[in-house]
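Paired with chain B in one complex and with chain C in the other, chain A is shared by the two complexes that follow.
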Partner chain A sequence: MKRVLNTVLLIVFVITLNFIIFELMPGTQASISNLVQNPRVFDPTQVARLLKLYNFCKEVTITGPHSYNCVPTTIWDRFSAYFVNMITFNFGDSFQTNKPVLHDMIQTGRLVNTLTLLGVATTVALLIGTLLGVVAAAKRGSIFDSGSVTLSLITFSLPTFWMGLLFIMIFANRLQLFPSGGVTPAYWAIKTPDLLGQFLTRVQYLFLPALTLTLFFYGGNLLLTRATMTEALSEDYSNTGRAKGLPERTVLFKHALKNASLPLVTNAALSFGGLLGGAIITETVFNWDGLGFWLFNAIGWKDYPVMQAMFFIIALCVIAANFISDIFYGILDPRIKYE
Partner chain B sequence: MSENTSVPYSLVRFKRFFFNLLRNKKSAAGLTLLSIFVFIAVAGPLLTPYTPLGSVVSAQLNPPSWIVYFTGPLGWSQNAEFTGIKASSITGATLTTTSIGGDSASFSAASGASGGTVEVQKFVTWTYPGPAKRFVTSLSITPGPTILGQTVIATVYLDRFVGGVRDARWNIFDKTIDSNSTFEVNLDSISGDLRVRLGLSTSNIDPAQLIFSRQADYAYALELTLPPSANIDFSLQNFKLQIRGSTWGWLGTDQAGHDILTQLIYGARLSLIVGLLATFIGVGLGLVVGLIAGYLGRIVDEVLMRFTDMMLVIPGLPLLIVLVNVLGPSLTNIILVLGFLGWMGFARVVRSQVLSLRERPFIEAAKASGAGTGYITLRHILPNVVSLTYVNLALSVPAAIVGEAALSFLGLGDQTSVTWGRMLELARESGGSATNLFWWWVIPPGIGIALVSLSFILIGFSLDELFNPRLRRRR
Partner chain C sequence: MPVLQLDGLTTNYRTVRGWVKAAEDVSFEVEKGEALGLVGESGCGKTTVALSILKILPSGARIRHGKIIFDGRDLVPLSDSEMRKIRWKGISIVFQGAMNALNPVFKVGDQIVEAIRLHEDVSKGDAMRRAESLLELVGVEPSRVNNYPHEFSGGMRQRALIAMALASNPQLLIADEPGTALDVIVQAQVLKLMRSLKEKLGLSMIMISHDLSIVAEVCEKVAIMYAGHLVEYGSIEAIFKEPLHPYTQGLLGAFPGIKGERRKLTSIPGQPPDLLAPPAACRFHPRCPYVMDICKKEKPLLEKAGSGDHYVACYLY
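Our next item is the complex of A and B:
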């Protein structure tokens, strides 16, 4: 119950923060006062429509060809309206397309694109990172150990976008193995190949962005797995397992990894926000038409409804990830109980 | 160390600490690397004569000069400049030179009954196996007042000499002069006019590639054709022609012909400043919040830590993007935002340390002898969390540098300054598409970011080992 309350509180906090940021935004108030002070320049019906649309006036009555009366809203009115809009996912219209933000997000396939990229990269990174971490911990001090630790430290400290650019230069431009960006080739608009062809081409387009994001993510995971596994392997139950004559593999994966996985789950949830940040950059580098690339374009357009919505949704995802990891915690370690 | 009692103890302790740090292989490597970067950052203007976005040093998108060691010299060239100014009479005129040298000449020309021609030349020997990529010329000429009422034809040529004999001549400019005001001729081989004049309007070849394509002697010549029986003074200034080759310097050039090495050097300065300042703000805030929460406890602790946790959960990069977008992308704003979003983790660490310190006997003793909260916090608790501060300082700088680079890369960097992130943004933007990435432009800033991060990480890790002896034993 306390967890749920915490989560709700967090969502309220995010909405408030979002509201404060965009309320304080220098552009809005200036343009509104400009509208109000120079009504002559604009068509009053249009102005009235905008003032109501952006919730700056409770009531607008047009009093003449160039004048109108406005009953201004208080900050509290605006906040409550904003709050309701946010929790009902009513984000308004995108400045770029004049269509609802939610429509642009889902119907255009952006959400699916991002989920594909994130899903593939996270799965691969978790698998590789954990596996290599376990092996490194098992063979501590070997060349494999120091090699994989060094490599993950390197990929960890290299900027994601730079790695992406390098991959484009090497694999796309020089070796011409993969396309340099995009989700699907342009000619699909004219002629779409059969399903197998579609799948293979999609994989080809997905490869480089997924590789970049995987490399961004697997290093931290490897280091953490290695650290927790080292700890777990020196515990008594591991020695007991070995003394019983269990195969090393059973000790590693059934006994040690199970106990070491608790911090891994927390870390996966905590680093989810960072992963989304990495996805924004990766999508931008590879023109991958997902939510991150959309956010990048929204920056250029000053498309505030999209930016607000993206910030809110990304924060929601992270909050949800934390909540789920908390529940997982209870399942993995029955000693932890939540009322 | 006690033999020299005049040195304050804190200094001795620092010295001992510093030597310990140097004895560790990792931190010695990190410190060396870092001091190289700090030197580059501080001595930037001494290391390069150019400015990052102000000086055009060579043709656009030139690879580094050392590329010839990998590809062979064939097809490559470097910059060259015409020198050795010389004035002479060609036909039917007598020339009296009053002064000549460098880029300028003053002379008077007197023509005979059928007119006459005088010439000013500069020379270059083109020794590179490949053609030039571009050239820019300049000259400004001021005739004396005796020109009034007469007309002089000024023509600018490029001549090629093979074996001392002129075998080709290109007329790149001509104009009739009839007033004694100064006029200037500035030509750029990339301009459309010159292409049309040389019949290259439909091809991709730059006039420089056409003209400077053979190993030969070239002359840059200004010819002045005088009317009959004239006697006119001329003052020629700024008589220059720069040939821009197809390679440049250590790290080549960008889209506009700026020196990438200069950008890298100035980028080091800004990236380090951003990283350090943002980290100082973040660590300072974290220290204050952690100390207050940890020592005051109760409701203050509860509120502060709840707030910290909330800030920790909010995804960093989207918040950065939104905030910088709202506040405006200036370097100050970026530093402030990075700093104000970087304190949470450290605040938690400090708080837990303070919580454990609070129960130690020496705090009890201080309390018993009547010390106040502020005094205990500043004099007893703060010195015991300072070691944490050092470690965190070192480990937070890379995050701030990479954060700034990511913001710049997304187009939210300071548009007036060159950081490493902005270099990468420019490298990506100017190419137009991802298929036009140039390795000499993309690789250096990334290596810069990676090496600076690495140096701080190495220092941070070894500081951690130094302050927590437990870590050393476990390895």
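Our next item is the complex of A and C:
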């Protein structure tokens, strides 16, 4: 219960912070005066409509060809309107397309594209990272151990945009094994192949961006798994398990990993935000038409409604991830109980 | 025929700086229904001997010489899968209950059931009933099988570990510091339990402790270890009445007795040696009040001395 309350408070805080960010962004006054004073734009009724639409003025009366009488909105008016809009998911229209933000987000397939990319990359990275981490901890000091640690440190420290470009250069340009970018080939607009063909082509397009994100993400997970597993394996219960006559596999993956998994769950939740950040860069490099690429373009366009919506949704995702990880904690560790 | 016979067991740990000589040339026997106490200060190799017997040493540790003859068979050359059949069914071990010897994220009953079903083909329900009766045997309410270890007190955890060790009716039970870190009353209860189990089930036992008085409660025989060497070995009466090795004398002098005269406790001067480069020959010589030239040159052998079944590795005798 307390946890739910905390989460709600956190959401309120995030909305407030997002509001302040956009209030403080330079350019608001400039766009108003641009709107009001630029002699080339718009007929007066249009200007009046926009001034009201963007909530700069409460009341607008047209007093001349380029003069208006504006009752400016207070910061509280704007905040309450913003707050209500955010919690009702009413994000307004995109400046780029003049269509509702939610339409651009969902109907265009961007949401699904991002979820596919992130879902595949996260799942693979978690599986590989945990598996290799467990094996590295079990064979501590071996060549496998130092090799996998070094490799994960390298991929973890390389910037994703650089790795992405390198992959494009090698796999797309030189070897021509994978497309250099995009989600689906352009010719699908004319003729879409059967389902199996669609699937295979999609996998081909997904491969490089997913690989880049996976390589970025698995290393931290491997290092953490290795550290927590090393600790769990030195605990007496691991020895008890071995003394019982359990095969090493059971000791590792049942007895030790369940104990070692708590920090892993936290890490997965915490790195969720970083993963979304990585997605922005990776999607941009690979021209992947997802939410990250969309947000990147929105920044260039000063497409405030899209930016506001995305900031809010990213924050919501991180909060949700933490909330879910807290619940997982309770399931994994009997010593933790929530009222 | 003894249940377990160690013959010149030498276990070393490989480190960056060289081999740590944790246990060297350790030999002793445990007869059926007999309890042997393995006593020495922290880091003298007691636990290394226990882990060597079960062959669950951490990676980097090697049994370099010697034989571990259990039930007429040498365990040293056995493969891991062969060892797995001997573990728990032949030899089981009780670790310190105060530490995390029970896995904190699984129910106590499930952990006992796991041990039973690993070695016997019984249904889950039957195994759970056995787990309940085992808990009853060690004096824990049987309904507590559904509890997690953190819901147990320290004494109960130690009892549950003993119950789990008995799950597959082992021939030999190794108890590594049972009762350590428990308060004295609970400790006494645990020791009483171990003694009664030994008599009731005819168990052979190796009890590891740094405390001679704990060992005296349960064991008939004692082996004293110092810096990886066995220095004295014999019946408990012989060692208490007539401690021969200067180290054993030092150990006994460091304990207060309840009966007898008031006396000043003595401590052994110096510090336990670094096992990476232990002193040559007799490892106790730098701290020994009776040190002679030969002690620094040649390692004394464990030889019969005094009356009865009593062996000591010292040139004084």
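Please note the rule applied: the second predicted complex is superposed on the first by the 321 of 339 C-alpha atoms of A that agree within 3 Å, B and C clash if a C-alpha of one lies under 4 Å from a C-alpha of the other, contacts with A are read in each partner's own complex, and residues count from 1 in each chain.
FYI, a residue touches a chain if its C-beta (ideal position, glycine included) is under 8 Å from a C-beta of that chain, and two chains touch if they have at least 3 such contacts.
On a predicted model such as this, the values are computed, not experimentally measured, just so you know.
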item	value
Clash or fit (per the criteria above) of chain B with chain C on chain A	fit
First (chain B), second (chain C), both or neither touched by A:122	neither
Chain B versus chain C as contact partner of A:13, first or second or both or neither	first
Residues of chain A touched, compared between chain B and chain C (which is higher)	B
Which superposed partner A:271 touches (first chain B, second chain C, both, neither)	neither
First, second, both or neither for A:334, with chain B first and chain C second	second
Following superposition on chain A: angle at chain A, chain B versus chain C, Cα, nearest 10°	100
First (chain B), second (chain C), both or neither touched by A:282	neither
Partner chain in contact with A:245 - chain B first, chain C second, else both or neither	second
Gap in Å between nearest CA atoms once chain C and chain B share a frame through chain A	10
Set of chain A residues, in rising order, touched by both chain B and chain C	none
Touching residues (chain side chain A, partner chain C) in the complex	139-141, 234-237, 239-248, 255, 258-259, 332-335
Parts of chain B lying in touch with chain A, wherever the complex brings them together	310, 312-319, 321-323, 325-326, 328, 398, 402, 405-406, 409-412, 421, 424, 427-428, 433-435, 437, 439, 442-443, 445-446, 449-450, 453-454, 457
Chain B partner contacts - residues on chain A that touch it in the complex	9-10, 13-14, 17-18, 21-22, 24-26, 153-154, 157-162, 165-166, 168-169, 172-173, 180-181, 270, 273-274, 276-277, 280-281, 284-287, 295-296, 299-300, 302, 307-308, 310-311, 314-315, 318-319, 322
Chain A contact footprint on chain C (complex, rising order)	51, 54, 56, 58-60, 80, 83-89, 92-93, 95-96, 99-107, 114-115, 118-119, 148, 150, 161, 164
